[in-house]
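Shared between the two complexes below is subunit A, which has subunit B as its partner in the first and subunit C in the second.
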Partner chain A sequence: MMAEHTVKAFDAEITSLRGLIAEMGGLAEMAINESIQALAKGSLSMAEAVIARDARLDKLEAEVDRLAIRIIALRAPVADDLREVIAALKIAGILERIGDYAKNIAKRVSRIEERTRFEPLTLIPAMAEMAADMVHDVMTAYAARDAALAVEVIERDAKVDAFYDSIFRNMVSFMVENPSTITSAAHLLFVARNIERIGDHATNVAEQVYFAATAEYLADRTERPMN
Partner chain B sequence: MMAEHTVKAFDAEITSLRGLIAEMGGLAEMAINESIQALAKGSLSMAEAVIARDARLDKLEAEVDRLAIRIIALRAPVADDLREVIAALKIAGILERIGDYAKNIAKRVSRIEERTRFEPLTLIPAMAEMAADMVHDVMTAYAARDAALAVEVIERDAKVDAFYDSIFRNMVSFMVENPSTITSAAHLLFVARNIERIGDHATNVAEQVYFAATAEYLADRTERPMN
Partner chain C sequence: MRESLSPWSSLILPLVALLLLWTGGTGFIMLAITALLWGLSLFFLWWRLTDVQEPASVERKPNPAEQERALRHAIESALEPVASALLITTRQRILFANAAAREALGGHIVGQDPRIALRHPDAFNLLEAPESDQGAVSATIPGLTRSGSLWQLTRYTVAQGQWIIEAKDRTSEADISRAHTDFVANASHELRTPLSSIIGYVETLADAEGAMEPAITNRFLGTVLREAKRMQSLLIDLMSLSQLEAEKHDAPTAEIELGALIARVVAEFAPPPGCAARVELERGETPFPVTGDVKQIEQVVRNLIDNALKYADADKLVSVALTADARGMAKLTVQDRGPGIAADHLPHLTRRFYRTDPGRSRAAGGTGLGLAIVKHIVERHRGKLDIASTVGVGTTVTIALPILVKKA
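This part shows the complex of A and B:
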């Protein structure tokens, strides 16, 4: 049993930890939205901004790790409190990787030529919006410890996967008919794949939220699509 | 300070934890090697075996999580011991994802047609061997708490990235010249990308090994290539 002053210190530390995770979630969502805007507009300056801002996510992850280790070492939390700290450690790692996927999208903006020719440039923003919404809503589920919302986010991942499969087939047909655009098309294929992976990672965050809220593991992991 | 019987119980639990991580590392390395063999030989049965065996990695990750949480809750480890447990939690998550990349390669085996036409089918196994060696050696670094070997593994990632860039350019030229093979070529491009990501993830494991061994973070993260 913790003494009262220890409980207060612990509550303050957990609040800081949750604040750092919320900040990471906000930055990850912004990185997705802005990398896709940069892609849609062909804006290199916007792409550069996304790339530059990613360092902040890396720093925040290291801060979460340090604070989580400090909390465990000083407060020796158990049960719900311990699961909360462990979930924060894992979620920070996943959000940092979502940032990496957005940064990778931003890096490809300068590689896409003859932009107006690509029909997927209208499909990709719609797919990205779905993935960004998953990230947004899973962070709401995290803030509210809402296991039901976490499950709902996981269920949405199948739609992102289906969208991706359709973009993959569309891109391949386009490449067959327009061999001169293959380099740009290959970069767009990877953009779509990155968005699909962001959906998977939002699902992984949702699994951690579920675990922190219920002490149970969601048995089945979502399958990744093949393309 | 822990009582003597607690120290013994703690040592036994840490040994179990390290055993689970070693098993995960072995399975991940095997999954890479066998998915690439399946690809090189066009063996669907071998690919199926890799896909089926991936569930074991998922189970082991959950076991590591449970044991790590149990150790923290019951033993309240601090300093080196706590870093060791935290590193195990993070490494288990990374090895599980390496398994996912290998599984994704295995899933693509059935999608590659006219296999003999692809020059990258000779380059990809060489690239995969580099990545599998990184996974192998980072697990050796983990077992030996060898920070210098961890750094050496990280330095090797640049070679995998360079290999990937060269395969990307090679594949794009091939697609331009042979539009009829574009679907297969796109799958091979993703195979190469998966291997590149496995190299990144071996680097992430190495960062955790370094942290567990030295209590310091490696300041700079490796950059992902653009293609």
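This part shows the complex of A and C:
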């Protein structure tokens, strides 16, 4: 819990900024879950809802920008307040990107054919659940200013990456065996890639949460070798 | 607040009036004021004295802010131990979260924007919903605390812009309905397997139009008969399970003698003449009166002995024993000397359609429901079921039922 400020309005603005970020996090998480559900069920209406709702995330990001700049301009925050505002600015950008990945997944729903016979489709939801859980938990870490939970989320990214690798291999061999489904499989490969990126972005949020909470930067992670 | 004033404090007013008179206040106005004060004080004294039986305390006029704080404190300490998660919040800030809410959503949420605690967009819509006359608005939120969780949020309006939000965990109920769906899926799968082999064999027989060797025809017909019987026993088991579900909350009332009942069931397993008996019964002479449903207890014993015979080697003996323990429970144990069950399977044995080895169970004609039925019956009889097993040694199933104490 942070100390109260003499100027009550400052407190209210910081609280409201954090509320906006939390709202963005909730929207991003829901976008991931629903785009994957739409993909698994082949529900075009659900996919369209995800695409339409992304506008709200963009609007919120702009709102965060405005409020953060206003706070910096009017209150000239220092120390933990400054970190809070800067982290909020960056996290808003990242969450907006996560929303874009989910939107991209939703856009691919209509392109995948013969879904019932499409075996690689069964792996995607399990991977997406891991990524969505990372986003959920990193937002909990943000809400609680919990640096330890943030570190734990970062460590979980390796599992999503490993999952991606196995889906990649699986998909390539599937494409070799079933050349007729190559278009659908290629789309699914991009879906898996998007989910993997969502996991990476969740770790980026976690780094910001860690920085805002402790004033220290996490040591740079060694980049994973590309496929 | 009548009760917080002492009746004698009203004597202050006449004293003031006396003082006024005494300090030499003269003239009509002074007289009028004095009279008024006397009147007032007499009225006040009467008003107080009509109410003296109530406990009295020091008179103090609480200021509104203090009053509000005291009220808030009272409300909060009343809400604190409530089992369901409660938040008092405005659109901007969570003012209070009770213990259950802090447990579910984290202690950090107090003083934060409500969106920090309730991040799901549907929860946000609930916060934004206009205040109606009915007061309560409700929404079901998936994944509020963790993936797979399901919460029902209800917003009650306390005052303009101040709400109590109640969060009820519906996860387990969602699990139950999921389990129900699973059950229907499993049951139809179990029925479909024998059905498809019946259809397959009958189709082959029909296609051959009588041109098939009698030996093969007979083998096919035997398979059809066996599969049809399997479906029949599965249906019987499903029916008794659903009946058990329906009456699981009303305890049985009839008095039965457990010893005689068990002896009767064991006799059903008597070997054909010339073969060695495979079930041995060991029981004392004392009667074991229990409250129970004869048919159901018979089914329990039959299922257990059946299992023991089915899964143990054909030349091994199954021991059935009935004893009384120190706490007034009749204990029925059915012990086989079979291969035993690995420890990680033990917790799941009473689940419907759970099989440690699906192939062998079906070959033995099991429906996958036997132990589920046993468990339900034992629970309905307020008894206990315990399964102990050592791999390579055998399995012992123990059922404990309370012995009926005869009132003198």
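Basically, the second predicted complex is superposed on the first by the 217 of 227 C-alpha atoms of A that agree within 3 Å, B and C clash if a C-alpha of one lies under 4 Å from a C-alpha of the other, contacts with A are read in each partner's own complex, and residues count from 1 in each chain.
The rule we apply is simple: contacts are C-beta pairs under 8 Å (C-beta built on N, C-alpha and C of every residue); 3 or more make two chains touch, one makes a residue touch a chain.
Not measured: the values here are computed from a predicted model.
Undergrad: A:L20 contacts which: subunit B (first), subunit C (second), both, neither?
TA: second
Undergrad: Could you say whether A:M139 touches subunit B, subunit C, both of them, or neither, answering first, second, both or neither?
TA: A:M139: touches subunit C, not subunit B.
Undergrad: On the A-aligned overlay, A:M175 touches which partner chain: subunit B = first, subunit C = second, or both, or neither?
TA: In the superposition, A:M175 touches subunit B alone.
Undergrad: Could you say whether A:R193 touches subunit B, subunit C, both of them, or neither, answering first, second, both or neither?
TA: It touches subunit B, and subunit C stays clear.
Undergrad: In the overlay, work out which of subunit B or subunit C sits against more residues of subunit A.
TA: After superposition, B is the partner touching more of subunit A.
Undergrad: Would you sort A:A62 into first (subunit B), second (subunit C), both or neither based on which partner it touches?
TA: First partner only.
Undergrad: After overlaying the two complexes on chain A, where does the subunit B footprint on subunit A coincide with the subunit C footprint?
TA: No residue sits in both footprints.
Undergrad: Tell me, which parts of subunit B touch subunit A in their complex?
TA: 58, 62, 65, 68-69, 72-73, 76, 78-79, 82-83, 86, 89-90, 93, 100, 103-104, 107-108, 111, 168, 171-172, 175-177, 179-180, 182-183, 186-187, 189-190, 193, 217, 221, 224, 226-227
Undergrad: Along subunit A, where are the residues that touch subunit C in the complex?
TA: That would be residues 1, 12, 15-16, 18-20, 22-23, 25-27, 29-30, 33, 53, 56, 129, 132-133, 136, 139-140, 143-146 of subunit A.
Undergrad: Please name which positions on subunit C make contact with subunit A in the complex.
TA: On the subunit C side, the touching residues are 92-93, 106-109, 111-121, 123-124, 142-143, 146-147.
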